[in-house]
Every structure is written in C-alpha cells, then in structure tokens.
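Order of writing sets the chain letters: A, B, C and D. Residues in each chain are counted from 1.
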Amino acid sequence: MNHDSNKTQAKKLTGADIAKHNSRDSCWVIVHGRAYDVTEFLPEHPGGSKIILKYAGKDATEEFDPIHPPDTLDKYLDKSKHLGEVDMNTVEKEEKEADPEEEERQKRIANMPILEQCYNLMDFEAVAKQVMKKTAWAYYSSGADDEITMRENHSAFHKIWFRPRILVDVENIDTSTTMLGTKVSMPYYVTATALGKLGHPEGEVILTRGAHKHNIIQMIPTLASCSFDEIMDAAQAPQVQWLQLYVNKDRAVTQRIVQHAEARGCKGLFITVDAPQLGRREKDMRSKFDDVGSNVQSSSGDSVDRSQGAARAISSFIDPSLSWKDIPWFLSITKMPIVLKGVQCVEDVLRAVDLGVHGVVLSNHGGRQLDTAPSGIEILAEVMPVLRSRGLEHKIEVYIDGGVRRATDIIKALCLGAKGVGIGRPFLYAMSAYGLAGVDRAMSLLRDEMEMGMRLVGAARIEDLNPSLVDARGLANHSVPVPGDTLGLNVYDPLVGPKLKSVKERSML
Amino acid sequence: MNHDSNKTQAKKLTGADIAKHNSRDSCWVIVHGRAYDVTEFLPEHPGGSKIILKYAGKDATEEFDPIHPPDTLDKYLDKSKHLGEVDMNTVEKEEKEADPEEEERQKRIANMPILEQCYNLMDFEAVAKQVMKKTAWAYYSSGADDEITMRENHSAFHKIWFRPRILVDVENIDTSTTMLGTKVSMPYYVTATALGKLGHPEGEVILTRGAHKHNIIQMIPTLASCSFDEIMDAAQAPQVQWLQLYVNKDRAVTQRIVQHAEARGCKGLFITVDAPQLGRREKDMRSKFDDVGSNVQSSSGDSVDRSQGAARAISSFIDPSLSWKDIPWFLSITKMPIVLKGVQCVEDVLRAVDLGVHGVVLSNHGGRQLDTAPSGIEILAEVMPVLRSRGLEHKIEVYIDGGVRRATDIIKALCLGAKGVGIGRPFLYAMSAYGLAGVDRAMSLLRDEMEMGMRLVGAARIEDLNPSLVDARGLANHSVPVPGDTLGLNVYDPLVGPKLKSVKERSML
Amino acid sequence: MNHDSNKTQAKKLTGADIAKHNSRDSCWVIVHGRAYDVTEFLPEHPGGSKIILKYAGKDATEEFDPIHPPDTLDKYLDKSKHLGEVDMNTVEKEEKEADPEEEERQKRIANMPILEQCYNLMDFEAVAKQVMKKTAWAYYSSGADDEITMRENHSAFHKIWFRPRILVDVENIDTSTTMLGTKVSMPYYVTATALGKLGHPEGEVILTRGAHKHNIIQMIPTLASCSFDEIMDAAQAPQVQWLQLYVNKDRAVTQRIVQHAEARGCKGLFITVDAPQLGRREKDMRSKFDDVGSNVQSSSGDSVDRSQGAARAISSFIDPSLSWKDIPWFLSITKMPIVLKGVQCVEDVLRAVDLGVHGVVLSNHGGRQLDTAPSGIEILAEVMPVLRSRGLEHKIEVYIDGGVRRATDIIKALCLGAKGVGIGRPFLYAMSAYGLAGVDRAMSLLRDEMEMGMRLVGAARIEDLNPSLVDARGLANHSVPVPGDTLGLNVYDPLVGPKLKSVKERSML
Amino acid sequence: MNHDSNKTQAKKLTGADIAKHNSRDSCWVIVHGRAYDVTEFLPEHPGGSKIILKYAGKDATEEFDPIHPPDTLDKYLDKSKHLGEVDMNTVEKEEKEADPEEEERQKRIANMPILEQCYNLMDFEAVAKQVMKKTAWAYYSSGADDEITMRENHSAFHKIWFRPRILVDVENIDTSTTMLGTKVSMPYYVTATALGKLGHPEGEVILTRGAHKHNIIQMIPTLASCSFDEIMDAAQAPQVQWLQLYVNKDRAVTQRIVQHAEARGCKGLFITVDAPQLGRREKDMRSKFDDVGSNVQSSSGDSVDRSQGAARAISSFIDPSLSWKDIPWFLSITKMPIVLKGVQCVEDVLRAVDLGVHGVVLSNHGGRQLDTAPSGIEILAEVMPVLRSRGLEHKIEVYIDGGVRRATDIIKALCLGAKGVGIGRPFLYAMSAYGLAGVDRAMSLLRDEMEMGMRLVGAARIEDLNPSLVDARGLANHSVPVPGDTLGLNVYDPLVGPKLKSVKERSML
C-alpha cells in the first residue's frame, strides 16, 4: 500500500528533525522508519496520550507493534500527518537504562525449562508467567473485577464427575468430529484472543501454523496484532479459519470486514455479543499504570484515568447498541454460518434459534467481562436439557469456551452436549514461552490426554459421549464457605506425624 | 452558643492552675482552650474513667475531638463545671515521647500510593489500613464477636451469579432512580457511620461534599463527630440528607432531635432497630486496651472492664426497651418518611408494612451487632418473594446495606428487589486515606463500574433489573467445610509445574 | 484415713533405703512422703510400667499427683505394699537437669497477658496453649483420630444463622432457667472433664468455686484428680452438683459410688454411654511417647504400645458391656434423676424416653471418642422435631455439649430445644492459665455475651428462645471441597491492591 | 531355569568386553552377572531407550531389578541375545559420584522415627516420603492428571458421618468375616500394587508375610517386582491369595497365567477393567524426566516423549479391546471366582451380575487412571440401594478400594454394604519405611482402630454394621468453593488473641 502523500519525498527526515517535536504542542513519532505527526490525535488516542508522549520525538516502533495491526496508521491517521521516511541512521539509538526487572527476566529466559518438561496446558502458563514481559502477562492473564468468573471457568469442571464405563473396546479411539460442516481431528478450536504479538513477535500466525499441523480450526480475532490478511495468508489449504467479529459502530466497516472474510474463504462468522463494552481488568490497568504512571498526585478523583490498560484502549469502536434486531442484517450480508459468541442464558439461546443463527458459543469471554457471570460449562448444563425437551438440539450447534485445560474438560463438555470447545489462553501461553514448538506440543499433549480420557471413560468415538457418562448435579452450586472464626482456628493445635530426629525434612516442593 | 457561667471571667486560667487537678480526687481537663472539672463525672463517663485520667491536669483536645461532637460538653456537663478559658500559652506543650509506631505510620503516609492507583473500593481500605491510626482503624474495621457476619456481608454477594442478557441496546445507560421520592444519580446512599473524625479531621462533612458532587443522598449519623447542624450546613441545595436515629431513653430528647431534623430539611428518618445495645467488637476493645491498659493484673475477673472500645463507650443513652408499640408515636411526631434500619427477617418486614412505615433497611449493622446474623442481601432474597406473593412489594421501600463493594453487588441487590443500597465503610476508608478526593474517586469508580455492569448484564435502566437476571439459589447456603485431616493433608505431595533451572522464580506479588 | 499397716512404724525409712529398689525386680517409689512397693503392680499399671520405672527408687509425687486421686493407693495397692513414712530430709533432691523446653515455658508464664486481655473463651485457650506443660496441654486439647469431630463441634454452630427479631423490649434480660429442677443463673453447666490437676495444682475444686460464684451447676467427673468428697466439700450451699459416672465392671463399686453421691447431696446422675472404651487420642499418645519413649527400636510391630497417653491409662475399669438392660437397675438404686450422657441419634433418645430416664446429653464426648461422629447440636436438630411430633418434648430434658465457645452458641442450642448446654474445656483452659480468677472472668464474659446475644436476637427470657429465631437448614451438611488442582491454582497470579512506595507495609497481626 | 544358549560358554566375558558396546549402535548391558545384547531391543523398550543407554556397556542390575520381575529377560529377549556370564571381578565398579540428594536421604534414614512413633496409617506415608528414593516415591504416590480423584478417595470418607448406637454390649468385638468363601480376621485385603521392589529390596513377599501373620488375604499383582511363583511360595498354609490380572493382548498368555494361578492355589481372579491404558501420572513422569532428562531442547513438540514414568513403561501389553464379550471366556477357563476390579457405575455392576461374575471391586485404581472419576465409596452408595431394590445384593460380592486409611473408613464401607475393602499404598509405605515390622504394625494399628471403632459405633460383629449407622447424604456432593476475592480477603484484618508480652510464642508444630 503506497502512501500517496509521501510519493514525492525528496529527502529522508532525520532524527534531529523528529526530536524537535517532542511535546504535547507538537508531537512526532517514528514507526517502522516513517515519521508521523500525532499532535492532533493525542486526545483521541484510545490508550490515552501519556503513552504516546513517552515517545514524542522518538522511535515508538517497539511499543507500537504488539498492540496495533500493521495497517493501523493508514486507517486511523490522516494521510496529511504521514510525514515520510526517516533516515534511521540519524536517529539516536536510545540508551536503554539498565532495567533490573528486564535483566531478571532475561535470566529467567536463559534458564527456561525445556519444552519436554511441560506435561500439560497449565505448565505452559507457569513458564509464560516467568518469561513474559509483565505488561504482556498482565494483559493475557487478567480478568474482570475480582477475577472470580475467570477462575470459576476452570474450577467449574471440577464439579463434574465422571461415570466411566468399563469393558468397552477402546483399542481404536477416534477423536475427530465436525464443526459447522468442517471435519476436524479434535473437538476443539483455537478461539480468538487479542494482541498476539504481546506474547510472540510473529503474533497470531504462529497459532495458524500450529492449528494447521493438528487439523484444528483457528478463529481469527478482530483485535489481532497481525492483520486479518496476514493470518489468512499463513494458512495452508485445506486449513479452515473462522472470523471473530466485534461489530463497529459504522456498519459499513463491519460489512466490508465480513464480506472480505467470506471472500478470503472464512467458514464461520462469530459475532461477539458479550462485549458491548470491554470489561475492567484491574490487573491490566494496574500494570499499565506502573508503566506510564504519573508521579504527581491528581488533585481530584474527578476524571477516571484513561490509561485503562490494553483492553479498553483498543476497543472504543465497538458498538454498544448492537441488538437482536441487527441479526437479520448479518444473515443477509453473508453466506457464512453465523454464530453468536458470548451467549449466557437459555432464554437467549432460544431466541438465537428462532432467528435462525447457526450456532452459539456459551461463554463469558474468558472471565474478562462481567464478574460472577457463570461459566460456559454451567450454562451448557442449563441449555441442553431445554433444547432437547423442545426438540431443538440439532437446530443449532452449541459451543462453549472458558477454562478448558484438560482433555477431560473437553470430554465433559461433549458429554453434556457441546459440539466443541474453544481454547484460547493456553495456546497463547505456549506460544509466548516456546513459539510454534510450544503450540505444537500443547496440541500433542491434548491429543494424548484426549485418547486416554476417552479410553478410560469408555467411549471410542465422539458420538459415544453422552450425559449418562457424567454427574453434573453439583455444577450450579456456588458455595462460599462461612468465614472462619480466626480465633478458634488459631488456637487449634494441628496434629503432626512422626518426625525425623535431627535432620532437615525433605520438602517435596 | 454562649457559656453563661463564664461570662464574667476576669482572667484566663493558666496551665499551672489546671495541672494541680491531676488526680481522681480532683480532675480538670482542657478542651479547645477551656477548662472543665470532670471529677464528679469520672464514674459516669461511658468510656470509663481511665481514659480521662490519662489527661488529668492536661489538654485533652486531641483525644476528645474525634469521639465527641462539639456540643457534648455543653449537653452533658453541668455548667457549674465549665471553668472558663485557659491561656494556652501557659500550658506546657506535652513533650510527646517518640512513638515508634507513629513514626512508622508517618513513613507509610509519606509513601502512600497516589489516588489513581485505587481502582476499586477495596483499594481504599488497603491504603487506609496502612495509614490510619491503629485505634481508629480498629473502630472502623471491627465487627461483632468472630466477625463472621461482617465478612459474610460481602461474600454473600459471591453466592449470587448473573444470568446476563445479550444483544440489548446498552449504548445509553441510565443509573438514576428515586429513593423516598428523591431523584438520585445512582441507586446507593452514604449510610450512617459513627465518629468520622477518627478518619479525617473534618469528619462527616467530607462525605456531605462528596455526596453532593455525585448527587447521592447522605444519611446523617446520631453518633457523628460533627454536630448534626454542621453536617446539614455543609450540604448544598438541592442536596438531600436523611437522619439516622438512635432512640434515646428520654423520648423528649428524641422528639427534639427528630423535629429539629425535619425543620432543617431532612427527608427521611431512619430509626435504628438492630442495636438495643451496641455489639461487642473485640478488635476495638483490644485496641482500646492497648491504649489505656493497666499493667497491674486485676485480682478477680469479677467486674467486666468498662474500657470496651469506642463503640460501647458512646452508646449508653440508647433505649433497649424500644418496641413496636413506639412506632405510631414516631409516625405522629414527624412528616418525614420513616424507615426501620436493621430489620432482619420477613416477619418483621410484614409487621412494618402493617404499621405503615415507609421503608425498611435489611441490615445487620455492618456485622457489628449480632454475629451469624444473616446478610442484608440474603434477607432480601427471603423478603421480596413474600412481599410479591401478598402484593405488598410497592407498599414499602426495601433497602439493604452491608458488604457492598462492587457495582455488581448493587446490581444484584436491585435485581432481587431492593430500591437501593447503603454504603458505609468504603467511603470512610476513602476519606481517611485521601479526604474528599478519595470519596470523589470512590464514587466515580462506582459509577464507572455501574455503567459497565449494567451494560454487561444487559440492562439500560434501573427498572430493567429484575430477578431473572440473577441466580440466587445458593444464597441461603451457609456451608462450613468438614475440618481437614491434617495428617492426611500433610503427607500429600502436591504437584509442581516445570521449574527454572537455577534462577529465582518471579513472584507476581 | 489411716494406713493400718503403718501404724506401728518405729522409724522412718530413708532415701537410701528406697534408692536400692530401683529396678523392675524391686521397685519402690515415694508418694507424698510415704514409700510403696509397686514391683508386683508394675505389669498391671494401666499407664504402663515404663512411667513408674522412671521413678523407681525415687520420689514420684509430682508425676503421680495430677493423674491419681488422693485415695488411689489406698484403693488399688494392697496394704502390705504400703511401706510407711519416709524421712524426706534423707531423700536426695533430684537435681533437675536444665530442661530448655521448661525454661521457655517459664519465660512464657512470666510474660503472660493479663487477665483483662481475655475477651472471650478462645482467648483462655490461646494463653493456656502457651503456658501449660506440653503433656497436660496434649491431654486436654486432644481428640479422637483426626480430630475432625472435635473441631466440627464448634464449627457446626457456624452453620446455624440467626433470624433476629427487632423492636422487642429487651431492657431487662433474664438468663436464668432450671435444670433437673434446680434454678440456675445461666443455661449452661460445667461438664465433667478428667484430671483437673494437670492444669492447676488444686484441680477441680477451682471449678467448684467458680460455679458457686456464678450460680452454675458443676458436674463432678469420675476421673477427677481431686477425690469426689474433696469436690463436694468445696461446694457452698445451696450450690448444686451432679455426678458423671463411668460404670465399673464391678457393679458393687458403681452402686457404692452412686449411693454415696446421693447421700452427699448430688442432684443428678449422668451416666456416660459413649465410652465403652476410651478413644485413641494420638496427640496425647504422641506427647506421652515423647515423655517416656524408649530409644530402642522394637523389633516387631506386634504388641501395640501400652503407653497410650493419659486417656487410656486411666480407664481400664470401664465396663464395655454396659447396655440398655442395665438402665432399670440404675433407676432402682437411686432417687437422683438419671441422664444418659453421650446419646448420638434420635432412635436412642426415644429408647431413653421409653425407659423413663430423666434426660439425655447429646454429645460425642468432646470429639474424644469416635471421629466423624456428629456434633451434639446437629443431633439436637434431628431429635427435637421427632420428640415434638410425638408429643414427647416435655418427657425428657435434652442437653448438648461440645464446642460451645460463645453465648450465641448457647442461644442457638436453646432455640433448637435444648434445656441447657455443657461447657468443659474452656473452663479448664481458663483455670490452667489464670486459676479461679480465670474461671470467674470466663463466666462473666459468657454472661455479658449472653445478655447481649439475647437482646440482639430479640428475646428477653429463656423461654422466648424458639426455632423460628434460627435457620439451621445447613446443619446436617458435611461438605468436603473437591481437592484443588494444585497446578492450576499455582499458576494463578492473584490480584494485589495498591502498594506503598518503599516502606514496609504494616502487618496487623 | 537354564539359559540354553549359554550352556557351552567356555570363558566368562570381561568388563572390558562389555564396555566396548556402549552406544546405540551396539548396546550391551550386564544384569545379575550375565551380559545381554539389547541393541535391537532399544526402540521397543516400553520405558524408552534413554534409560537403557544410560547403562550401555555397564552393569544395570540395580536399576533393572525393582521394575522387572526376575524372568523378564528370559521372556522378552531372544535367547540369541543372552551373551553369557560375566566375570564380575573384571567389571569396573562404577565410582558413584557423590549425590547430594542421596546423601541427604541417607541422613534422613539414619534419623528415622522409630516404629512406635507411627500411630496410624498416614504416619508410615510421612516417613516413607522422607526415606524413599525420589523416583520410587513418585511412582507410588502419583495419581492421574491433577490427582483430584486420588485425594478425593480419602476425603470422600469425611463426607460420611456416623450415627452411633449406645448401650450395646460391645465387650467382645468380632472383626472377622468371609471374602469369596475365605474366613479372614478383618474385612480388608492387601490389594495389588505394582513394583514392590521400588520400596523394599525383597518386594511383595514382605506383604505376603505380613498378611499371613494377620490372617488377611493378599492380592498378587500382575506387575509385581517378584515373580508370581515367588509370591505364592512365600505364603504359609492356610494363607489365601488372589490374582490380579491385566489381560494380555495375547489371550494364550492370559490363559496360561490364570490356569497357572489356579493350579498354584489362588482363590480368586480379579480382572482389572479400569485400565485399558495406564493413566498419565505426571508426578511420576516428571520424576522420571529428572532422572534421564536430556539437556538438549527438542526442536519440535511433535513426538510425545516416551519417558513417561514407570507406570506407562510397564503396561504396553495390556489389551485395550477387552470387553464384556470376553467375560464368558474367563468364566470358562477357570473355576476361581471372578471379580471385576475397577467397576465405576451401577449400570456396569448390574451387567456384571447378569453375566454371573462373582464380585466387583468398585474402584478408580487408586486415583491413577481417570481424574475426577468418583471414589469407590461414592459408587458403593449409588450401587447398593439399586441392588437391594432388585433383590440382587446377595448375588454378588461388592468390594471397594481407594483412600482407606482408618478403620472408621472400613466401617463406613461395610455399613453401606461392602463385603470388604482393599488397602494398597499404606502397606507399601509401611514396607518401604520399616519392612515387615512396618507392615505388621500397620495391620496391628488397623485392628486396634477397628475394635475401638466398632465398640464406639455400637456394633459387636461385622453383620451388625448397616446403613442406619451412617449419614451418607452428602457423599455425592462435589463442591468447589467460589474462588475468593483476593483483594477483599487481603484487606481483612483478622482477629488475634491475647499475646505474650515479649517472648517468643510456642509453636506447637
């Protein structure tokens, strides 16, 4: 894509040219070797002006990259503000001051466990927590408010217990199934997650390659670090991809995105319906604050700080007025099957069936939106009996996401009636820690767990999974123990076992 | 207000004059530059004589101020004991001995997080805990007995889970509602809490100003540090305030208070009915003890110590014989709507309806009265279906208080049928840590959370909140896990993930 | 009581005489200035021979005293083995080797909190834990097996929540009631606990004096350190006492005990029915082992060690064949009301009614007998509705004991239908830490809590307490949370609040 | 058993001969003084080739022994690869490098608690954890996935509470019963567990001797370290043993094993039906990795590592196609009663009854197979009422295993209808820590607990145990508490009791 305004640029700009514009009054920044005048854009920047001013007169590429797709500046900054190429040899290399935290991180990276030491999906998260940049970790790992729903998402699976069948011939296990008509090797897909380059310099295309290798569908996020086309281009036929869509206030933009995706071969349109506004993720906000926080105390609490973390910075275009009456329009502009992502109660599933959409994802957005919203697996247990009682269970494909970490979680979801499950963060963590090899191993481990799980539950094929194999009676039970009587608990003198005489006991940790 | 007995004072008293009266036999103290003979009052002092004797012959202003409204001495000490003005230049400035604990506190104050680092209501509490005086913290933060109810109040909200609706147009969120006929911007009010000057030198007027800015109603406490009129005076029209009332054994006093409040423009009378006696708050008692504790061991456990913390010291006037038969009298002496504050079961709500009171606050007094009394939100879930089944849900306004910390808590209460909720401690903590700016930010954060919460639950207006949006089935479930088998738990060797080779792991804390 | 065999002793024995008999072949010991030949008794000693051999040839008084009533030697050792008085001046004072643990304990005693710092019954336990001898603490504080029932006893009360009534005239609170016809000031009694001298040199008479002061009934234990008559003698008219009875294999002994008690004025006979064998209390056993443990490893696990702690050492006389058919006999030998102590299910309560006994104590023996036996309060909630449905609730007095620590616990029990509750360990701890003053303060605190609790629950008199004041639906719920997924929990990065910039945070602990 | 191929060996091989073959291209190892060429076997080794290559050209006996029965090489390595005897004097003694971890372990062994300090079954585990080799501990103590089921197995018993009966004559307790027609002294058997020599050099025969002493049945594992005949030979008449069977893909092998066992006098055939594939036990895998882990990072996650811990290494022969249609064949080849071990739901128990098998063991394989499979005791509570309602409760003997640690656990199982329970790991730990004496003491402790438990529950004989003695209503309740609100919990300032003035408090731990 050419920048017309720069066509006739006779001479490259120099670092010194840029450096003069280093204030709120005139603010130039360099991104990928080109200069931009963002002075007027400062107040509009969804992430706040502070973070830009930090780079006023300087090269902002490193900060810019992970959270803006490559075409952002073309799209959002008027061409008149594109100042042209910069002779990067004239730009002073910033002497990065020694950052003890970053040095510690580099040490940790040098001492990373080798990939074979990851035996399950949690292990990648454990490594990522050690080696990712703190702000990137905060963005990926944060949830809404008290992160109760985020944690409930996984722990809900522990309320479901198996009722395994024995003496079933499970020599040959077939984990393949179909989703929206596509045959896949395992009943999960890589769900959409934003800002892949925070975790890995190549971003979402790493997930594309991993998904291809394992014959898994990838859902492409609206808020990807890579552009949509880069991700599509990374696919290898006959690999299938879906599009996750945040609906823009400007429906023309949305229509363009949808129809472009269909033209490029996307096989499913997942409209996010649980995010009329992106959630408050305090871990992310706090981490952002640490990064750009002012050291002057504001004199009033009046204006809620706009440095609200990566999440809210990138989402201002989302249309909070999106409603059921928009659905027919979506059905009219594309032939792709349409799936509502983020449905959270049975009433809305029934309404979706009525409107003729092709699927729903029961989801709370990875616990990143409304805290104490129920887990997808809990909603599933509420939805399926109602669908079955009305004979609607084949009218719509029901997916869930959130908290899936073990193949047994997938099996439980399928027993309860899900067509498949979405998995997001675990692959991000695997990618952040080990790149493609990490994603590959994560998927291999899941396959290995899945075969074992199906053998042990006594089901050779996906269609053998059914509600009689699980006891989910406790799923809707949200218990909060009575707060302990601290005084009483403190005076209790706990039992201890026999002790070694004089040497240090082994701590297994 | 003039002190008649001092009108003719020719010459100011001197520090030396006062210093002679430094014993139980003759005990004079200085408060705000005036001397008082409290010898005969010693045995009657609700807070015990010890605390006064500590200041015998000295200036007691600093200790006196936070826990006595300015008109206390006029009201409770006979004019003959008002000895007149003191020439404060003659009063020896007490050489305060270095107090290491206070020095540490000053260091912590100097290093306080800036206000923008508070992202939710708990954060103010975290800061207040660090920077408040220990006795003040103990008074605000303490609850009855084992503080089980105090903690349950908040954790009860976690037993309620949302059933959010999607695809509702939530572009414009209106959080306004009415309470006892007053239009307010948010469905909460600042509830009455005692002794505001323990947290901030200006006391409750800070809350008045914050409430005005956010168009929120403030309930004025009987046990305020500021006088009632000071708090009324701090309001700015058309700001609305309510009066919280502890009923005096002397009904004439009570009538005077009520009618004065009405005359001054109070718009609601909240009669506290859960405190015929103020609860035992051991954290407060223990903190008080540390302060004035004797170092001689009493020879007998006979007399229960009267140094029972701030709470009980200030409440001896409250009438424990107050009963249902008094209610008609209250209805007869004022036109203000009358609300019973501290109702705790549905039977009593029905009785309140019968008697024609205008509202009830389902409340356990912030967990400060009867331990293992249920949370307001739990009582609400019991009350509303009964009111609805009898067609009484519009006959009375039902409020709750206790444990509200998130806007989602407010939304849950409104879904279950509350007209509004009271919030107390969080604003005290915000005020104690950051003054008016803190209160302001706390209210701003709540508003921000509220808008987001309503968007995400799928409700654009307060009247859209209804019981179908929540799953409160687990609310009345009070589970106490079976005590663990220590031996068995100790021998379990927990799983650990992959480890870094030789460097220190990052602790995210 | 004269020792006939010693009547004619011409000359006192000397320390040297005794010291020769210092082996298993000839073992003499001194107790209270008299010598005894216990050689033949060694294998029969219920506490094992090791503990005696430790004192062979020496003065054993200090060890002997707390666990044997004064008349033990007269009762159990043939007069021929009573060797006569010893000239104690000739007995070498044992150079006690410096015992670092004991020295630490003495330091702790010197630094004990003063009595006024105990604000509730748990506080005495906290102090006792610090200042008691380890073996004594182990005996008092231990329970059966994993001590699950012992802890459940108290935590069960936290499953019961109040439904308080407001606007009841609670100016005058009357906590008095009657038990087995005796008017008492509070609805609890001091239940029987063994070996009072382990905690205080004077033993159970301390409790007698405390009970008198507060007009509370004391139940006298069979296994007291003081003799029955000493405890009766310590009472002051019109103080009432009851007798707790372990039934001896020799019924003549039992009859003698019962009729003696009645003759002395005992007003109730509590037959322990939950202890055909005293439970295994491993904390006690382990503590005993530390004390007398051999340092040679036994070559086989064949013989279960007889050093099984104080509990089992003193109980060999108890008759495990005691059965329902013995009850009429008890009714025939005494006019005292008979109460079965340790009933644990409704079926047995009904049988007790049929047989005409006057009361039952629903109890699991303080969690010291069968682990995972239910708490008394839970059994009560099962029993009373059945009694009421059969019109039997006035045919028998129903008591509970176990885990009572707060007056609210007592109120809950009375609401559910108990006539009164027994309290044991808390008074032992108060006595062990502070003697009579401790017991006195413990009882004063309970009275203070009781008045407050009744006020706040809205009941002025004991008879106003009824089932509608509590919600006990969760009482029979024994939940054990699903074991946590360690890996998943470990990778969770918990939210943290705002932090001070550079100084140490205050820990409130 | 003679090795024909070596009959004519003229001259022993030397260490130097072997040492040359130290690579993947030619790999010889010494086991018990004989050399073997395992070059071609390397890729087939179920435990992976790495572990063998570690010993290429060396003596592998120490590593080989615990995980291979003595006849392994004869069975699985072609005779042509048996190279003959080695002159062990010529074999260089491996200079073991100082292993700090092993040195620490030896110190711990030297300071072991003496056997009498073990008061219950958990205590042996506590000691074993300190003194076992880490890999052996990992193999014994590991479970599937998150080890939730493994821990649930024991904690499930805590959801069952007793309803004890009093005043039953329990002087004489008879704990004997019959299992598959054999009279035993206690209602448990030693269940099959693999690789006994990991814990003790003599292996499973230790358990045989212990079982004999206590008149308990031992179940002989297929995957024993000792050969089947060694274990049978260690029995002393009239000791009874059973055979646990993993069914081989080659049914002729299985038939040979079964008929040999019957010929040798085995009295029961327990066919394992819960392990078509051995579970993933990550603790074991991780421990194995530490042992043989490569230090080069694999370039891809493609191949799941074959070093999957001891469990999966030894199980490749098991037939995953075993199904219900195979059962009649088993009934046709043996007269031994046939029991299905690992049944997990009532539907399968009914099917087993239909097919005429003689018993089932309700079991999840010690939590080592499918995670979140229910405990045996929970399945039992589901199964027995169904069997009873169909009059089938005497048609089949129902056993359970998993998590039994206390005699009260056994009593609960019998109350619910089990004929007996299997106990596995506790005896392994007792054996690993203390050898036969440990097993003996463990069994003595169980007997002691059992007698006490029956006395206290009010049952003199096994047949007196019945469902009315327990409250198992909560057994199927799998609760996972709502994740805590970290921020809120952190700001809570917990109550503390009275404190000593200046000295260190005693920690009872």
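Observations on the structure shown:
Going forward, a residue touches a chain if its C-beta (ideal position, glycine included) is under 8 Å from a C-beta of that chain, and two chains touch if they have at least 3 such contacts.
Here's who's who by UniProt: A, B, C, D = L-lactate dehydrogenase (cytochrome).
Here the structure is a predicted model, which is why all the values come from computation and not from measurement.
Although subunit B and subunit C share one sequence, what matters here is the overlap of their interface residues, and that overlap falls short of half of the numbers used. Between subunit A and subunit D the CA-based rotation angle works out to 90°, given as a multiple of 5.
For subunit B, the chain with the farthest CA centroid is D. Averaged C-alpha coordinates give centres for subunit A and subunit B that are 42 Å from one another. Residue numbers of subunit D whose C-beta contacts span two or more other chains: 117, 119-120, 122-123, 126, 129, 137, 146-148, 151, 155, 158-159, 282, 286, 477-482, 485-488, 490-491, 493-497, 508.
Taken together, the touching pairs cover every possible pairing of the chains. Only residues 120, 122-123, 125-126, 129, 137, 141, 146-147, 151, 154-155, 158-159, 282-283, 286, 405, 479, 481-482, 485, 487-488, 490-493, 495-496 of subunit D touch subunit B when the two sit together in their complex. Contact residues of subunit D toward subunit A in the complex are 104-105, 107-108, 110-113, 117-119, 122-123, 126-127, 129-130, 137, 145-146, 148, 273-274, 276-277, 279-280, 282, 285-286, 289, 293-305, 319-324, 326-327, 340, 342-345, 347-348, 369-374, 476-483, 485-488, 494-497, 508-509. Residues 114-117, 119-120, 146-148, 151-152, 155-171, 406, 408, 434, 437-445, 448-449, 451-453, 455-457, 468, 471, 473-474, 477-481, 486-487, 490-491, 493-494, 496-506, 508 of subunit B are the ones that touch subunit A when the two sit in their complex.
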